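First chain A sits with chain B, and in the next complex the same chain sits with chain C.
Presenting the complex of A and B:
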């Protein structure tokens, strides 16, 4: 047990040291800081998704909807309301989170494949709205014409608009706060009831845990965090893409999570590193880069069924 | 005095099949009652009526004198019915302590809490230690339940039921599928809970040795009806029971 705990803290420490020193070592490996930003954004989306898959045992195939709504909410706010980065992020997070919360009410009595199918359907509804509503969302071309604004603290400004290192550390800050909040939720009595539902729903029900309510809450929390990741994605690209709402994006989130290891807290982040690396390096060589992502996915699932992080987890502990 | 559990003329029909027919039973406070019967006697249906898996077609179920016919299973848990299942129902990839902890926290009404203050935390820890101690699980507290022996898994499950502070403990075939040593372990646990901790217990059991060693009273079901009721000695001497189990000579 002590060994396991030490192992967990060591993992967390290593991850934070690596994240905080990215601008020092990533250029040496031929990367650029924005790439690390992508990793964190996809990592956060997948970690949020994993609260549902890995820690509640519920499979959603439509998390792109909340990711995309977060991105569009953030972009639309910057474009039409006011150019304030923090307010736009809040707007995006609320849009995706509230949509997920309301939609979750219709979902919680579904299980397994049915749950997954209904989540895909809702994701596609959002996709087609963004795709067809040219005047408002930019339709097929995506939403352009907004840009992240420097964050003004009155006394001083953080120029996340032009200084890519400052923007990277801004993403690290948001990511860190979100990850800490997730860890806090998962270690709470409420978080333990989610593990109970994952492990044995029937038993959990007979203990007197209101299963539907807890799955709904878990889904809702997961959607808020996913939408937060989506709003960061819009800021990262200064662009919101309708494909970010598509089921392919949902599939990417699932792949990232499973490759990284869905039983490990940091697993999805590791998955995101692998995914973004493949996407960046392989897509510069061939347009068929998805083939190699898929191949890697199949290999990981075959040879490391618990994901990359699962390799390091001896005790199968969550 | 009001009995802990009383069943009056309980009947359960599934279509034209009458699984349980007009069964009555009184379980006093502090009693250990065993319900036995050959395969297909309606034991499990009877157990499901008590735990609230489904309501009876006719008859009444009273807990502490209160009619609970219409109260669903989860509500009965809140009224103090703790149960275990015929197939062990646990959270396999969590430790014994986590399994028990989830039950304790749910029992204390903390399941929606985002955090616990110091005194609540202490209450939870003490309650976990207490029930794990009762079941002799302290040395295995930090092992994953899924890795333990069948007997320890069952003991963990019983601990989880105890964590809810039940006033009535319902055990569905607690030694099903166990070898001699594990059966001995679990019967020892049940005996301690009954004699030392004064739990009122109703158990369904297949294994006759277990029943005759443990029970204060035995109810025998056969073909959905109550065939006999009495102390283990009375039941052992009962001709109808012998016929039901060994085959009717006629």
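Presenting the complex of A and C:
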């Protein structure tokens, strides 16, 4: 086992030990378990986004759409169809993922700034639908009137509805499965091909790799995972917010990723820790939170473009 | 009914004119610097607030001349201080940078001028209606359209006939060659950014006279401006002009038939254009794609 690999395994082990022991140490630091849930949800959304940005080299500035669609899909299913948490999550994931897959078809030929602009615009479409369709989505006030339901395994029940620790471990479970799936995809030949596209698209094309198809697949997979994070977000708050679909949310997802380090697998999770801490702290200190969040964005871009994890990596490009 | 259609048509033209001013500035910056300026809507608000501060001293007419210039200076300073450092990097950084900058400017406006809307006084002659029958068309509306037409013609003349304008056009097509021919590309991008900011500032003063000032007055304009650029085709300023007018008028006419869909129709137009003509109406093949 070489040093780099050992380093990788050590990082993964530390992260899992910290995640699994959150209910023990977080209250000591003055936090609450729901805060850790938020970190995991944003972390998962940003990691899913990073499959596209960090590992395919394509930037989207509209991932809030799929995050928000996941949340609305989950909430609407719980409210109007049946109060079953797993089914609602599947519904949310499918809604966001399929929307992303269809949008992706229109996007794949575009690159660079143009790609980003079209993703922003598509994101705003979803925002306007949620915003305008009052009687179905709750419009400006957001979607209320649903609650996560306990998960019934027949023999025993897990009460994620009232027991916040149980719900936290449920989020950890979903997060763990999703992260494992992402790691598996990125280590597969398909994932390696995405890296090749990121490093040199023209050369990859000369090698006969169907670039458009791969970018489309990468975009779709990323959207499915982002929507899964969104459905967890709806369960976490028992609420779906139209602002969660807005481009400002997209900006936050990008920021979380860059702040943590977009060339590291766990970077976005680290970024989510920083982001949630910042948000929680600044909004409790001042009403001018936008100023401070904006300032953080500018400072990270100008002075720490490689993010926190990136500072520990050698030779990473910005 | 005819009056309703007329009302919305003029409305659409005016809204479209604003989209055009915003989108042309954005488009110029995208073409030469490859930067999508998310803070462009906030530049617009700043232009309006500058006019609000200047009006008591130099009147509306003076403010109309000076505050876009101040916005241009502000844009130039921002480009020098921050944006030029990210040109060489992944596009994601310039997006994040201007995104954060937009937050800062918006909260700054809220801090200095307060969160509540402020009016911008316009000369009495401009606030009277054209005729009693056409009560909905004030002279100010005619004036706005005239200023926009003047500004847009001025911009195209500037790009066509001045040396720096020619260089900007050449840089849009092939920046490397322009640089190899001895043009200072860094300075060119700064001037270009200032011109784009000027247009946003001008739009800000005009908008403030019509709808008043508030810290997030630019937010509603930024998204349609993006779409105007996408519809018109990235890389073509004429396309942006066309795109802005098209979506402005289309949104206004939809208001006559089905008001709830007036915003949706903009996005529908974009989707249709992307499906049928992916590079936009007048976009050139291979431009930024």
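Going forward, the second predicted complex is superposed on the first by the 313 of 318 C-alpha atoms of A that agree within 3 Å, B and C clash if a C-alpha of one lies under 4 Å from a C-alpha of the other, contacts with A are read in each partner's own complex, and residues count from 1 in each chain.
By definition in this document, a residue touches a chain if its C-beta (ideal position, glycine included) is under 8 Å from a C-beta of that chain, and two chains touch if they have at least 3 such contacts.
If you're wondering where the values come from, they're calculated on a predicted model, not measured in any experiment.
> Does the superposition put A:98 against chain B (first), chain C (second), both, or neither?
In the superposition, A:98 touches no partner, neither chain B nor chain C.
> Is A:166 touching anything from chain B or chain C once the two structures are fitted on A? First, second, both or neither.
It touches nothing on chain B or chain C.
> Let me test your reading of the model: by the given contact rule, A:251 touches which partner, first (chain B), second (chain C), both or neither?
second
> Tell me which partner A:196 touches in the superposition: chain B (first), chain C (second), both or neither.
first
> In the superposed arrangement, does A:147 touch chain B (first), chain C (second), both or neither?
A:147 sits against neither chain B nor chain C.
> Applying the document's definition of touch, where does A:118 land relative to chain B and chain C: first, second, both, or neither?
In the superposition, A:118 touches chain C alone.
> On chain A, which partner touches more residues: chain B or chain C?
Of chain B and chain C, the partner in contact with more residues of chain A is C.
> Kindly list the residues of chain A that each of chain B and chain C touches, one partner per complex.
Residues 318 of chain A touch both chain B and chain C.
> Which positions of chain C touch chain A when the two form their complex?
Of all residues in chain C, those touching chain A are 30, 34-36, 38, 82, 85-86, 89-93, 95-97, 99-104, 106-108, 110-111, 223, 226-227, 229-230, 234, 260, 263-264, 267, 270-271, 274-275, 278, 288-289.
> Under the stated contact criterion, what part of chain A meets chain B in this complex?
So the residues of chain A in touch with chain B come to 1, 184-185, 188-190, 192-193, 195-196, 199-200, 202-210, 214, 217, 315-318.
> Considering the complex alone, what residue numbers of chain B touch chain A?
Going through chain B, the ones touching chain A are 73-74, 77-78, 83, 85, 89-94, 98, 101-103, 105-107, 110-116, 142, 144, 160, 164.
> Tell me, which parts of chain A touch chain C in their complex?
Within the complex, chain A contacts chain C at residues 53, 59, 61, 106, 109-114, 116-118, 120-121, 124-125, 128-129, 132, 247, 251, 254-255, 258, 288, 290-291, 293-298, 300-302, 305, 318.
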